[in-house]
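Just passing along the structure, written as structure tokens.
A, B and C are the chain letters, set down in written order, and residue numbers restart from 1 in every chain.
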Amino acid sequence: MTRMVFCRLAIVALTAASTFAAPSQTMHVEGSTTVGPIADGFAEVFQRMYRNVTITVNKSGSGTGAAALLDGRCDIATMSRPMKEKEYKDAIGKGVFPFGHVVAMDGACVVVHPSNPVRALSSSQVRDIYLGKITNWKQLGGPDIKIIPVSRDSSSGTYETFNSFVMKKEKMASNVEYVSTNPQAFARVKTTRGAIGYVGFGFVQSGVRAVELDGITPTTETILSGRYPVSRPLFMYTNGYPELGSIAHKFITFHLTEKGQEVIEDKGFVPLTKY
Amino acid sequence: MELTSRHISDKAFGLLAGFSAIVLVLVLGVILVPMILEGTGAVIFRGTVEFRAMQLNEFGHGDASKVQAEIAEVRPLRERLYDIIDTFKRGVDIDALQERAGQIHRQFGAELRYKDTPRERYTSLRSISRRIRDKLRAAFAGTDKEQMAQQIDSVLQYRGDARFEGTIATGYFELAAEFQESLQHIDLRRRRRYKEGLDEVEQIIRELFGPRPDGPPPALAMYRYGATRWDQAQKSLQRLLWTEKWVQLEQSRPLQKTLIERKKEFMGTQLEPLFGFVEENLAQMLRPKWTFYWRYFVDDSTPGHYFGGVGPEILGTIVLTVLSMVFVIPLGVISSAFLVEFASDNFVIRIIRMCINTLAGVPSIVFGLFGLAFFILFLIPAFGGPSKPCILAGAMTLAVLTLPVMIRASEEAIRTVPRAYKEGSLALGASRFWTFVAVTLPAALPGILTGVILSLSRVAGETAPILFTAGIAVGPLPKSVFDTTRTLSYGSWDMAVGDRLSAMVPHNQYGMVVTLVFLVLCLNGLAIVLRSRVFRKLKGQ
Amino acid sequence: MMQQTADFGRPLLLSASQDLRGFLGLHLGRALLFVITCTSVLAVFCIFLFVGLEAVPFLAKFSLVEFFTGTGWYPEAEDPEFGALALIAGSVYVTLVAMLFAVPVGVLAAVFLSDIVSLRIRTIVKPAIEILAAIPSVAYGFFAVLVLAPWLQRKLGFATGTNALNASLVLSVMALPTIISVAEDSISAVGRDLREGSYSLGATRFETICRVVIPAAHSGIIAAIVLGMMRAIGETMVVWMASGNASQIPSPWWDLSQSVRTMTATIAGDMGETARGSDHYRALFALGLLLLVFIFLLNAGSEYFLARAKKALGKS
């Protein structure tokens, strides 16, 4: 008897799931976990504006997004770094012509716990912290607390930016704690007194304090102009330039509109436009 | 002497053992109770008028007329609030004024193009407009009252110009006139600081009451409404009334957090009465009411789970678990039937049993790797399916994971069927097959059902195997078994670590975990009850 | 039809020639069931095969020695290092410390349930243990990150709340039900006669339990511990959220307040963003293979001890 109920429930559930009306157009976006939220925001607005389009966004990493674009498994690849030489070569080999569009700017802001009196660091000091050469805040003029360096794990685009600009590609020390996402890094620094980490610009909220890096505070201006040492553009790659007027074209030019800028700012990035 | 020391050690040991059991129960309580308390806050809470508006507009629930009436009721109070802000803002918000001037210039240009103005006239009008705009901007940002007054006067000279009559450019003159008036009141030196403080205050007011009713609606759903829960509103109120400052009390010690009354920052200005006003009238402006949000279990959620419920996650969990049961029940029951009916204790059977035990011990993440390597990259493409994460692959992986549980429970169930049943049936001439199907299996059914329920609860709670085989955190409802799906387990993990917005809505974080725990515990409780009933029934024989 | 003589030397079954359908039905059916039952063997075999297939190219390319003894895990660096020693040490470290907490509590609770307490209380406490076993690991992870980590920082003054101690504590709670149920089974299976003999010689309950029952059930208890270890070493979600993920071996080795990283957390954390077919991807499969080997050995160990326990009971 109960098994019949189970069977019926299963059938109902499966049919319910499959009777959702199939819209006429679908678009698949895949890639970076940093740029993903922007794509999410755009998709949310698009669902309202164009009701017969379904946009799915998958966040699995910049590298995976590039691979998906090459294989033709996605229409737009979001990446928080430019495509590497190998990726371009593979793409041309497969007849795919990746075309990069910069949709926003981001900065990897170095943050510390708000109770930490240290307000400015140089990039060589930060590098030494992550290399394990500086281990206590008192060596930097702060209180006598052990430094807990927090980093994103090595397959993240934010990590790569930090790695190339601040670490100069040197390997981090073994006592560095790894977290897999921006919110996790934010949470670690917020709850640990001696922590230092780097998060995207949108995560510099109350709960952590951004330090000046080489004398420059991360703000919209300094990141947009590139004066902040660890700023980087965020990309959306398509296969060639999308057909004018198509959904993909609207998607990758949405950042130029006022609504697009609003979405980008809401998600905590630096827009390229100034409405 | 010896006797008493032995006596003491005996009693002490008894106490120690009892203590360990108490520790167990305590640990269970410490883990579950805070979670459950927070999680029920997702379903039972004091919801504000913003919540009811959100439910109406985003999900279509609720009585439209009642909600509109409520919104109309709270509007007058909120208007007063916005008035206070606006009067203060006029003298202070340099950026907004400059932006407005720029906007007028752009719109004027668009209007001229729309009217097809001849080329020369267009250029000359545009250049005048640009000059006016620049003068206004300089006036707004200036520091010398006299100079600013001069600049405003020079702008106002154009007021009578016939070329600007009836166009958008008259906005310039309204701006200039308003500014001229507020120039009397403002304190130029403190403007910048007031502006920063005002920005913060405005942000908190937006959090509390949503965007201004006269402006355009924000693009993202989460910003369209104010505080939907009374506890959220209380927290925002605290942030409005008190600012956090970290001050250095001693040299080379960490900074200490202190709270400063925000009102003091704006002492003597037109903004000061705002704080008292909000504090007194918050309840009236938000109308909190105890809400039982049972739709939490059915509703979809806005991106990031900021609003809404866990309906799709529950559906995904159900679909995934039921599909995996479809795979595992036949395999498990048939295997246990073989092991009970036909197996003798020889080498092959021992190998099989060892493999079953090994399966039970394999880490769940290795099952995920196996699911990726075998089902997604090999088996499904071999049958022509798409080689990507999907419900089918996830269900099959989970089936393999839970096979040992199913086999063990079924075996136990079949073994506890009294031999008399089987022997009676055989004595009546039935074949072994029919005996099993018609007599043993129905008698073992409650026990097998217990096994099914235990497997269900195990599968519902697993996260690691579906990380790369079937689960996603954000996405549409699955349309077929070749799509990925959201589940309670994956969603809980994502909300705990991955989502940017979830820290802002802890009640949703906990709500999802508690839903999962509740589901699993209900299933387990059902299994326990069933098992004790079967136990009693069979003991009674 | 020929009359059959009453021969009770063999079962009264019709032979194959007399009842072909029945014969085929029985034996074919039995063969079919056997094949279906072998799916579990097939599954284990496939797991080893497919995980191994993806891992072998990596193991062939990079030196095994470096894999097992190197401490640097930098898979995405420009010259990648795949030293898994810190990861293996992390898994083992967290498991052993978890056992340190779980074994005393577990064995004591098992003793409590089997010997000391009445049947009524037992039927109340046993479900509590089953509930503890049923709670999903995500919920434990939640608890570890959101409740236990801040508490460890505040009350014990640790520099970081997500560390080896945090992960070990939660893992011990997760392994407890396994240990308790298996240990309790084996302690209960020790016959009444052993206990009664001890009591009749004048021993107290404490002495009976410690000197007679537990030694008699020691194989079963060891099996319980090994099963608990299997549970702890294979756990993923909790350690990923709670252990801090610093691929280091703590520098005074007994310093539990430092972050460590386990093999399971590495696989779960890195897999999502790794390109398929790359060295990093294969290295993760290699870690999975290593885990499988560990589990297989532990399982063989537990089987051995359980078999010994059964034999010992058969004797007494």
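Rule of thumb we're sticking to: a contact is a pair of C-beta atoms (placed from the backbone, for glycine too) under 8 Å apart; a residue touches a chain by one contact, two chains touch by 3 or more.
Source: prediction; values computed, not measured.
Peer 1: In terms of CA centres, which chain lies closest to the overall middle?
Peer 2: Centroid comparison flags B as closest.
Peer 1: Going by C-alpha centroids, which chain is farthest from subunit B? Tell me that one.
Peer 2: Most distant chain from subunit B: C.
Peer 1: Which pairing of chains accounts for the highest number of C-beta contacts?
Peer 2: Greatest count of contact pairs is found between chains B-C.
Peer 1: Any idea how many Å lie between the Cα centroids of subunit A and subunit C?
Peer 2: A distance of 37 Å separates the two centres.
Peer 1: How big is the gap, in whole Å, between where the Cα atoms of subunit A centre and where those of subunit B centre?
Peer 2: Comparing mean C-alpha positions, subunit B is 19 Å from subunit A.
Peer 1: CA centre of subunit B versus CA centre of subunit C: separation in Å?
Peer 2: 33
Peer 1: Among the residues of subunit A, pick out those that touch two or more other chains and give their numbers.
Peer 2: As it turns out, subunit A has residues touching two or more other chains at 145, 179-180, 193.
Peer 1: Please output the residue numbers of subunit B that touch at least 2 other chains, ranges allowed.
Peer 2: 497
Peer 1: Using the touch rule from the top of the page, what residues of subunit C touch 2 or more other chains?
Peer 2: Subunit C, residues with two or more chain partners: 272.
Peer 1: Which of the residues in subunit B end up touching subunit A in this complex?
Peer 2: 218-221, 223, 244, 246, 248, 252-257, 302-304, 315, 318-319, 322-323, 325-326, 388, 449, 472, 474-481, 497-500, 502-503
Peer 1: Per the contact definition, I'd like the list of subunit A residues that touch subunit C in the complex.
Peer 2: 33, 60-64, 67, 145-146, 148, 153-156, 169, 171, 174-180, 188, 191-195
Peer 1: Would you mind writing out the residues of subunit A in touch with subunit B in their complex?
Peer 2: Those in contact with subunit B are residues 2-3, 6, 9-10, 13-14, 16-18, 20, 22, 37, 40-41, 44-45, 54, 56-58, 73, 113-117, 138, 141-145, 179-184, 186-187, 193, 202-203, 206, 209, 259, 262-263, 266-268.
Peer 1: For a test of understanding, state which residues of subunit C touch subunit A in their complex under the given definition.
Peer 2: 71-72, 74-78, 81, 86, 149-150, 153, 159-162, 244-249, 258-259, 261, 269-270, 272-276, 280
Peer 1: Would you tell me which residues of subunit C are touching subunit B in their complex?
Peer 2: So the residues of subunit C in touch with subunit B come to 22, 25-26, 29-30, 33-34, 36-41, 43-44, 46-47, 50-51, 53-54, 104-105, 108-109, 111-113, 116-117, 123, 125, 127-132, 134-143, 145-147, 173, 176, 204-207, 209-210, 227, 230-231, 233-237, 241, 264, 267-268, 271-272, 284-285, 288, 291-292, 295-296, 298-300, 302-303.
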